[in-house]
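There's a structure below that I have some questions on.
The first chain written gets the first letter, and so on, giving A, B, C, D and E; residue counts start at 1 in each chain.
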Amino acid sequence: MPRFIQKVSKKTGLPPGTIVSVGTRPVGKTKITVFDFDQNNYQEKEISTIEECFPFKDTPTITWINIDDLQVDIIEKIDTHFGIHPLVLEDIVNTAQRPKMEDFEDYIFIVLKMLYKDQDKDEIIAEQVSFILGPNYVISFQEKPGGDVFDPIRDRIRNYKGRVRKMGADYLAYVLIDCVVDHYFIILENLDEKIEQLEEILLKDIKPEFSQRIHQLKRDIIFLLKQVWPLREVVSGLQRTESKLIKKTTVIYLRDLYDHSIRVIENIETFRDLLAGLHDIYLSSLSNKMNEIMKVLTIISTIFIPIMFIASVYGMNFKHMPELEWPMGYFVVLVFMGIIGLSMVIYFKKRKWI
Amino acid sequence: MPRFIQKVSKKTGLPPGTIVSVGTRPVGKTKITVFDFDQNNYQEKEISTIEECFPFKDTPTITWINIDDLQVDIIEKIDTHFGIHPLVLEDIVNTAQRPKMEDFEDYIFIVLKMLYKDQDKDEIIAEQVSFILGPNYVISFQEKPGGDVFDPIRDRIRNYKGRVRKMGADYLAYVLIDCVVDHYFIILENLDEKIEQLEEILLKDIKPEFSQRIHQLKRDIIFLLKQVWPLREVVSGLQRTESKLIKKTTVIYLRDLYDHSIRVIENIETFRDLLAGLHDIYLSSLSNKMNEIMKVLTIISTIFIPIMFIASVYGMNFKHMPELEWPMGYFVVLVFMGIIGLSMVIYFKKRKWI
Amino acid sequence: MPRFIQKVSKKTGLPPGTIVSVGTRPVGKTKITVFDFDQNNYQEKEISTIEECFPFKDTPTITWINIDDLQVDIIEKIDTHFGIHPLVLEDIVNTAQRPKMEDFEDYIFIVLKMLYKDQDKDEIIAEQVSFILGPNYVISFQEKPGGDVFDPIRDRIRNYKGRVRKMGADYLAYVLIDCVVDHYFIILENLDEKIEQLEEILLKDIKPEFSQRIHQLKRDIIFLLKQVWPLREVVSGLQRTESKLIKKTTVIYLRDLYDHSIRVIENIETFRDLLAGLHDIYLSSLSNKMNEIMKVLTIISTIFIPIMFIASVYGMNFKHMPELEWPMGYFVVLVFMGIIGLSMVIYFKKRKWI
Amino acid sequence: MPRFIQKVSKKTGLPPGTIVSVGTRPVGKTKITVFDFDQNNYQEKEISTIEECFPFKDTPTITWINIDDLQVDIIEKIDTHFGIHPLVLEDIVNTAQRPKMEDFEDYIFIVLKMLYKDQDKDEIIAEQVSFILGPNYVISFQEKPGGDVFDPIRDRIRNYKGRVRKMGADYLAYVLIDCVVDHYFIILENLDEKIEQLEEILLKDIKPEFSQRIHQLKRDIIFLLKQVWPLREVVSGLQRTESKLIKKTTVIYLRDLYDHSIRVIENIETFRDLLAGLHDIYLSSLSNKMNEIMKVLTIISTIFIPIMFIASVYGMNFKHMPELEWPMGYFVVLVFMGIIGLSMVIYFKKRKWI
Amino acid sequence: MPRFIQKVSKKTGLPPGTIVSVGTRPVGKTKITVFDFDQNNYQEKEISTIEECFPFKDTPTITWINIDDLQVDIIEKIDTHFGIHPLVLEDIVNTAQRPKMEDFEDYIFIVLKMLYKDQDKDEIIAEQVSFILGPNYVISFQEKPGGDVFDPIRDRIRNYKGRVRKMGADYLAYVLIDCVVDHYFIILENLDEKIEQLEEILLKDIKPEFSQRIHQLKRDIIFLLKQVWPLREVVSGLQRTESKLIKKTTVIYLRDLYDHSIRVIENIETFRDLLAGLHDIYLSSLSNKMNEIMKVLTIISTIFIPIMFIASVYGMNFKHMPELEWPMGYFVVLVFMGIIGLSMVIYFKKRKWI
């Protein structure tokens, strides 16, 4: 199960701005890719040392630097060269952030959560993705390697599809954020299917493990809401910021993105309401089943206990029991038992128990 | 059951503004009808190619273009001619939108949900209806063919009923939206009846399937609220917009519409509260029934088990059991059993169990 | 039971401003009474045609026209003469409105709900009362005849009691609204008594019908809140309006009225919380009773089943059962049974079940 | 139990501003005490007619008039002399007010609820205390005689303790309100103890009356919140008012008072959450107890019913039952019964039922 | 268990600003440590009388005075020398404050709660920490001795680590508050572990004491939220204050702190939702277990009661019972019993009860 809280206590007492990696990150080789383009040209390269991308900072072209694995020394070099505030770099490396958007005049810092499904464990994974949007560059930081998420955007840049080559760095940042948000819908559809399955099963039968499946889905939804809830604020912050980094033409796209964010949040809240409803039917189904079980027990007991009593009366060994001597005694008693049993059955029919 | 989330994941990674149809739409023949009118004249025609309606754009008369089925190529042509932003056209075709109102200076874009009852499946269907309100034209887009919803308005235009011929394009847009909102009340009345039925049944008897009927209604209400909740924002947006497209005389009508929206939302919320109340009585009725069942079982067991014990005692085969030899032993025991049984009955009467 | 939603669907598709009566109103004879007064004089008459009251409009005196039954043709005549917007007249006749206050420069339109108890059916009835406040006139519209509600105000005008003769039309409107709101407290007191009764019964005994009584009260409260909740908005709207129709000296009275509205709403919310609490004790009382029933069953079964088993052992017909031959066998077994029974009783005492 | 709503219906229809006493007040002798002081002198007297305090109005010294019992004629005289609005005087006498603060330029009117514990009935009593703060006077109205609540403040004035003699009428009003709010903490501590007791009992045992005790506490909390909730508004109103009656130096004290109000409200809300939690454990304890009872019944039944069946088989009177003839038949059956009983016990051990 | 409310009632009636210690504080020896530093030098001393730290007030260097135990006479001396408002000093000593931030032009007063775990009793302890931030000094007050919490900051000052030596008193205050907030995460991680444990246990088995453990955690969370909730307000107040005491460069750090506060609150709320979910599975597990128990009882009873009845019939002692004479009667009956028993088993299999 995904934990809701990452261990950050080892940071307690350190000076603010200390860059300490907090997430559980495999220390692999950092992969840095650079895209540099304008309307006419584009250039793409994978670099091995962070210094190679520094020259791009001052060219008039749009530069997108994607850093796949977060290593403290690389981050520190970016600090020095791009003039980023140490608190920002601390937040990039400490992947326990909540999504946020901070405006530092020269650049805008954005933290988001990329959500995907771990296929093996059927778990939702949240990976931190941070963006630094400068005047003509975007730097994106991914918590884990495997940056194929942004491949469609790479293709668009290469093939001059869409508007991304024509517009500025702010539009590039929008496209990257949009790509992250689009992935949320895949998670939502998966959840939707699971809830539908649960609903269908529940209409047929109830099982004890059902309760745990509902709980698991509830946890997923709490987890998702926690990651996605601040998104609204982030996007509306971008929309309303007075920073000169966001051009007017891009704001219209951000409005669309804001709409998507609200749809994501509303869908999750709808799921939460549905689950609450499912839990309610589950509980009343349990009560119903209990009633049904008790009815069977009560019917059997109520029919047989009185006639067993009669049988046990005539099983007594008293010397003087006149009925025992009657030639038809046995049959009379059998018939009497039958009448009692039948009248019980009729009583239950009347009460609609059978 | 209506799904709460439409598949949009196939759009993931595409450039924003890509017009991809997302809803499940039968690809039929698009039906385009044009109404062009002023106070004195009116003209009505059904056209087969979208180009035929372009000339109306620049006439001083009010033009209403209704497009019944959403085909990507037609939408794209409207894009070029009316100068609509690609994001708008994307939203028209992607019918998973939430209701919204967006002001693009030259035109206002409105998305609503038309709600109706699928008679066969007893399901509530939400169909997306979009409007583009320009200076002297309204374009309406319906997700599915069958635009008889707007027939009363067509009649009014034809027969010069109401104010629609006298006033501008903004009033026409108001009339169309009002027509959509009026249909919500039909859904509400249907829900109201169902809840009333459930209430009446529940006062007589409880049945296990009751729980599922409540759940079904809850789902309907969650579904409705999701479609209707943003309506308030849409209408109040229209009311407060500073766009010169909405005239002062129309604002008073929008205020009335706003009132209707709030009544719709309040009614749905009332239904939600009523259903929650019904679920509560349902649960306590289940408990009550259980109590009743258990009482029957307990009464029968508690009366017969002690006297059966006595019978079984005198059924033992000990050689020396003096009572067995008594001439009146049998009758004494029968009377004794009767006393025990009766005193149990009295005990239960006292406890008000019988 | 009062329905929460009135049939308005027959209006679907009609042009806005169409005056169609929607409520279920007995078509009786409309009763129109006119009061015309200033500090020195007053005049009171019951008129039979609406035209008779038109001259009062232009006199400097304060005029109060009360219309008791809503007939479409009368309403339309008022429209023409007083220059009221058709939407207002539509809202007066369509009694499914929610309380609201709308400022149309020349006049203010107010819709309220008069609440009273139907003595026969023990139901709360909501009747729509509308007011049009003009510069020197107030027109009040009551849904149903029987306008004895405003009798105390009539007396005050006649007898020069209170300030109503000294102040303007706005004060008259305030007095009328205050009168409507004062009647809410009668409903609240009635509810309060019912809840108290329920509370007292519940402390003594629980009965299955209890659940329905709680539900009935919950419905009443949902119904009341729906009618009363918008009242706050209405009164605060009147208070804060910049309309010249409301004089400064009246605002202080409106503040008092606002206070009353909040007290009404707070009281209803308190009732809701109390009822939720009652439902909780009801449910736990049901569980308690179940526990008690089960305890009786368990105690009886657990005492008698083991000793019945012993009896049935010695009821077996084996040839060789040495105990049966013992002279004291029967008595030994009886004592043994007694010991088992007693030790069970002691066990239950220890567990505090008895 | 304290009623949540006071009978005000007898006021229905009376003109606004009519001074009618609504609470249930013993009509005793009104006690009026006057304190008149400045930094250098102070004067204290108990007066018998309200007219005696009128001269103080115009002296430059600070005057505090405390009126202990509310008699309509006295209140009316104050009206005339101090120029108080009739609505204010109506609110003072009608003790069903909610706490509020109203600014009438010349004076500020404040209504609060004094809360104390009725020792005999273990009930919380809310008594209305009203203040009129004028330029150099404070008039306080207490619903019931017994004004020892303000004794510490009287002492401070007499003995020149604290700042009360040095500062103005607004500070005096603050000190009086602070005194009322300080008394709330006594009620809170009492509630805290009761909840703690309940918690401790619940950890040991559950009893049916527990449910009623929780309900009683819930009622108390609903009652308290109703009285205390508007306090925040009252104090923040005083803090933010632009009235010249409140001096800047006093605002800092009002900020402190605001803090206290929030602490009172937060504590009550904490209690509500705690009680909700207690109710939850109570319910699950009931379920647990039921499970335990059912387990005992099931274990006993499941062990003995099968072996009783065997015994009853060999109690049948068939002529040809070979086992009955076996010399060791009886013992074999006994051993067999033992095996069945034991294996049942083992089965229950495995399921952890024993 | 930590109490939610501290006894403050003994203060009732005292003049505001009276410095009375309210918490339960061991009266030990007050420990006062002073740090005085600028970029180049630093000085550290432990002083025994408060007067020794007064000279530092007027030096241009940054001074941090930490007071470990709150003694009324020491606090009063600070009052006189530093010109602090008596209400502030009252709040420092009365440790029942809620976290708050108050701006008194010359200095800012901040109250926080330091949270830590009492290792012995497994309880969360909240200790009040107050700060007075002046132009070039910070005074911190800790409720209890044992100020090792701030040791890392002392080290940073000594060793010139971080920015604390370079920046002003406002940054020092930030660093101290940050240190307090960082400690919250330790509490959160501890809670997270406990909830995870509970979750894992619950998936395996349910036990009655589970209910109390959930309740204990709920209490902890209510307690935490009460302490932490106002933190957001405090930090955002610091961020937005227009006081000249907070420099622009520090605001960026406060924004980071604000972020941390929100993360703390969000995490606690997530825990609350998780616990509510756990309580739900707990309740449904109880119901499930009850169903399972009842099933066993019902199955055993329903199989054996009917066949016992047959046995008891043939245990009757009637003279004329033809079956008893049949040579194969016994075996026929045994087979018949077997058939009945088997068909019951099949019936239960069908219903999926076995």
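Just so we're on the same page, contacts are C-beta pairs under 8 Å (C-beta built on N, C-alpha and C of every residue); 3 or more make two chains touch, one makes a residue touch a chain.
These numbers come from a predicted model, not from an experiment.
Identification of common neighbours of chain A and chain C yields B.
Look at the contact of chain D with chain E and you find different residues on each copy: under half of the numbers used there are shared.
In this assembly, the C-alpha centroid of chain A lies 26 Å from the C-alpha centroid of chain B. Along chain A, residues 283, 287, 290, 294, 297, 301, 305, 308, 312, 315-317, 321 each make contact with two or more other chains. Chain contact topology: the protein chains form a single closed ring, every chain touching exactly two others. Touching chains close into a ring; read starting at chain D and passing to chain E, it gives D, E, A, B, C. Against chain E, the residues of chain D that register as touching in their complex are 151-153, 156, 161-164, 174-175, 178-179, 182-183, 185-186, 188-189, 192, 196, 199, 203, 252-253, 255-256, 259, 262-263, 266-267, 270-271, 273-274, 277-278, 280-281, 283-285, 287-288, 290-292, 294-295, 297-298, 301-302, 305-306, 308-309, 312-313, 315-321, 352-353.
Residues of chain B touching chain A in their complex: 1, 3-5, 7-9, 11-18, 85, 87, 91, 96-98, 100, 102, 104, 205, 208, 211-212, 214-215, 218-219, 222, 226, 279, 282-283, 286-287, 289-290, 293-294, 296-297, 300-301, 304-305, 307-308, 311-312, 314-317, 321, 323-330, 333-334, 337.
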